[in-house]
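Given below, in the form of structure tokens, are the structures.
Both of the next two complexes hold subunit A, though its partner changes from subunit B to subunit C.
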Partner chain A sequence: MKAMQARVRKLLEENKIDGFIGLKMEHGHPAPFMFSRENLGEMETLVVGDVRYPLNKALLKVSGQYPDLTFGVMVRGCDERGITELLKWNQLHRDRVIPVGVACSSELAQLCECYKPYPSDWVVGEKTEGIAKSKRLQKIEGMNQKERLSYWLNQFNKCIKCYGCRDVCPMCFCEVCSLEDRNFILTGKLPPENPTFHLSRAVHMVGRCIDCGLCEEACPSNIPVRTLYKKINEIVKEYFDYRTGESSEGKSPLNLLGEVTLELSDVNK
Partner chain B sequence: MAKEAQSVPGFEPKIIAFLCNWCSYGGADLAGVSRLQYPANTRTIRVMCTATISPHHILKAFQKGADGVLVAGCHIGDCHYIKGNYMTIKRVAVLKELLRFTGFQEERLYLDWISSAEGVRFAEVIRNFTQKVKEMGPSHLRTTY
Partner chain C sequence: MTNSIAEIENSKCIFIIGSNTSEAHPLIGSRILKAKEKGAKLIVADPRKIQLSFYADIFVRHQLGTDVALINGILNVILKEGWYDRKFVEERTEGFKEFRKVVEKYTPENVEKITGVRAQDIRKIADLYARSKSSSIIYAMGITQHITGVDNVKSLCNLAMLCGQIGRESTGVNPLRGQNNVQGACDMGGLPNVYPGNQPVSDGQMAEKFEKAWGTKLSTKPGMTLTEMLKAAMAGEVKAMFILGENPMVSDVDIQHVEKSLEALDFLVVQDIFMSETARLADVVLPGVSFAEKDGTFTNTERKVKRVRKAIEPIGSSRQDWDIICDLSTRMGYPMRYDDPSKILEEVAQVTPSYGGIYYDRIETEGLHWPCPNRAHPGTPYLHKDRFSRGLGLFHAIEYLPPEELPDKEYPYFLTTGRIYVHYHTGTMTRRSPSLNKEVEEGFAEINPRQAKELGIIQGERIKVFSRRGEIEIKADLSERMERNTIFIPFHFVESAANRLTNPAFDPIAQIPEFKVCAVKIEKVNH
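Presenting the complex of A and B:
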């Protein structure tokens, strides 16, 4: 915590950044806050903890409004993947973002089943080993087709179409959302058209989902959407040998025309 | 897994076929003018390129009760827009894996390349796919919704 405060203070005082998006303890709760040179006195209230907020989403918003300013942001392993991906999608400017890393606790890593619960560089926390294979994925993959169908239909039909998963998602930056396209998704009907609603969103997570799990935390109906997107990441890895946000090289698999590496026999198995 | 689904006697599937304007639609046309016989279960939607088919369109077709969706475009390298079908194969591959994972039988979605010279092959693809979907029985979405 102190190391984080010192780092942010240093960055601000050396004019490396104009603001830092982090968490501030307020009324006993950590909440997103913009630390700047004007409120250096509040630095004591900067916290880290295990709570997670879509700070990247806040970063997208402010950096869009103030493109000439440089912002620091607190990043976990997932947030760092997000920044790498957002840079590729031209949503952020490389010279305008300075991430300050936090390594997640092993409890949080277990809870998330995160494969890399630490950023490339961190000032707080210790490196914990990631989880290679998600148990919740294995559980569903172990079911037969009928069980999977009824499992997912039951889950999807709990949806109240609040768009919480999309609104909290730090990777959802489109200005027009196809989930609000009335030609695709009927309006005035609950639950929404399933599986179209949820699978459309899942398809959009190809090469985008950084597995932060905020969608599932935001969901008021407890739909295990994270498991679905974990599967998407696995598909992307299997088919395109691409790990979302892992490297700044290459583009997202569906973003680039590129060369085709698939055969019809890979598709129509 | 699809074998488990019981075939219903007298069941005639509804199949949506997205055909690309330059190759597969030409193939369908050739099959027609050659008077080739194939089942009439397909409803054709002509698109300029298979790359214009978003996974949403495919999902929506299933949602509206299609028992099968066929996507047919030019062979790799023959695309009128150079690389349109490169996109299609990636999208369909992902979508099929996703359908498999969520238990919606992914065999109901079929991708093939049919050139405008392959009228005979077009009829054959339609025959085979119709037969396959017929054996699989009605779509779950058709019965649940």
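Presenting the complex of A and C:
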């Protein structure tokens, strides 16, 4: 905590950044806050813990509003993958972001089944080993196809269409969201069209999902969407040899599609 | 709620009746699903095939307004099978004999004829509810908005007492409040017959206590309910009205009558954050503040007093509701002044035993459940542990009464009204939200597809719905959620207001209107 506070203070005092997006303890709860040279006195309230917020989402918002300013942001392994990917998607400027890292506790890493629970550099925490294969995913993969289909349809039927999964997602930055396209998904119905609603979002997570799991935490219906997107990530890795947010090289598979021709055979049969 | 929200998750059996929980109270709906995933049995009784019915171990659709009969049927089985909690009945209750005598008539076979619910399903509900280790009852307006609203609630209390499913963790009788602070408004004496904390107005000692606290003379005569006020306005007995944060021109039963009553007033003041349909009729509109602009406390459905903190300064000339009230009071000759809302809560604590230990410093990070009588008290997540408020729990012998208006030749269908997931009450706020409005822009009438076919109505077609009170034009929405003889209209939409149709028949005790049942006829707009 102290190390993070010192680092942020130094970055601000040396004018390396204009603001830092971190967590502030307020009324007994950590909440996102912009630390700046104007409020240096509040630095003692900056906290680090296992509580997570979509700080990158706040970063996208403020850096869009103030493109000439440079912001620091607290990052975990997943957040760093997010920044890497957002840079590739041209949502952030490389020179305008300075991440300050936190390595996650082993409890959090276990809970997340995170394959890399630490960023490339960190000032708080200790490196713990990642988890190569998600047990939650394995459990679902262990079902036969019929069981699996019924499992997911049953989960999706709980959806109350709050859009919490999308709204909390630091990688959902589209100005127009296809989940809100009424030609595609009927409005006014609960649960939303099953499985179109959830599978559409899942497909849009290709090359986007950095496995932060905030979507699942936000879901009031406890739909295991994170597990679904973990599978998406696995498929992307297997078929496209792409690991979202891992390297600044290469672009996400959907980004590379360009002009393609798809042939539908036997459509009239 | 007798029990707290978190306890729902650990319930072994949840009986939901008259609550579309996942749409209207989604966070409680989420707890119900969690309980289900932990193995709880789920019973859903609702005239509509609501979302939670997919997850029910047993789902029954009883005819509108037959709740008392259904519950008596369940009680009948429990008594007959001996599944009730004898010890609880003996030690904690009275009135059992008279109660038993009435319930004995409601055999599952008799009840099937009234409710349309199969006798075997009634037996199954009785079995699941009575024999689980901890059963919770959850209900909302589907139980209360009937001429038998009070009877319906008492019947549910009978059920909980008979089985000893009350006064313990993860049990209880749990009404879900529609707004974050309805409980708080009632707790603060926003009812005609009580002072804060349910202290009766008619009790002379109470009057004396409050006269001393407030330094003024007080009446021991209870005031009027909303429905009585409107009638009195129409009769010229009430001359002026002050309406805060309420929009009866959409939310109240038989809007035609509401409009005439409000127009009959000499003077109407409305305090709101938007120019609502009711505010439009006002002589003076006072701008209040939204949740984001206010500091204070809310008391939610589980009796938990929680802090709300101001995120932005009040917009324009709007002012804190309490501040406006203080000013008005002062100008009317009774000076009222508080430095800030925490001082108001201090006064609440001094005059309200159930709030006696609730102060700002204690609810800084976590709220407190009342009753919380003193500063050292940890609050009370569930009520009636060792005794009921009146001492022994009283069984009520309750007979089934049909709704005031039933379908007939002229008006052959049932209409029931309710809410949908994107809109909140009269839509004053939610219909102004672009994203919510986009989700559902206009009202609709849910009709069973086979019923619609018989009437020659297709999906999305505009239809006319008539009752003895009025008529509306509305979009037809064909849905398997409804049974053939019943249509559903959400009441949020002023241009197709369900409350132009609803029946102004009232529960004799609570004066709640029968929003949930009336008779209508349906016609195509273009023949």
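We adopt the following convention: the second predicted complex is superposed on the first by the 256 of 269 C-alpha atoms of A that agree within 3 Å, B and C clash if a C-alpha of one lies under 4 Å from a C-alpha of the other, contacts with A are read in each partner's own complex, and residues count from 1 in each chain.
The definition used in the following text is that a residue touches a chain if its C-beta (ideal position, glycine included) is under 8 Å from a C-beta of that chain, and two chains touch if they have at least 3 such contacts.
Worth saying up front: this structure is predicted, and the values here are computed from it rather than measured.
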Subunit A residues in contact: does subunit B have more, or subunit C? B
Classify the contacts of A:P195 with the two partner chains as first (subunit B alone), second (subunit C alone), both, or neither. first
On the A-aligned overlay, A:S247 touches which partner chain: subunit B = first, subunit C = second, or both, or neither? neither
Which holds for A:S120: it touches subunit B only (first), subunit C only (second), both, or neither? neither
Contacts of A:C162 with subunit B and subunit C, given as first, second, both or neither: second
In subunit A, both subunit B and subunit C touch residues none
Subunit C-facing residues of subunit A, complex: 27-29, 154, 157-158, 160-162, 180, 187-188, 190-191, 220-222
List of subunit A residues in touch with subunit B within their complex: 140-141, 143-153, 178, 181, 184, 193, 195-196, 199-200, 202-203, 206, 228, 231-232, 235-236, 238-240, 253-254, 257-260, 262, 264, 266-269
Residues of subunit B that touch subunit A when the two form their complex: 1-2, 4, 54-56, 59-60, 62-63, 76, 83, 85-87, 89-99, 101-105, 110-113, 140-141, 144
Subunit A partner contacts - residues on subunit C that touch it in the complex: 22-23, 26-27, 29-30, 33-34, 37, 51, 54-55, 307, 309, 364-366, 420-422, 435, 438-440, 444
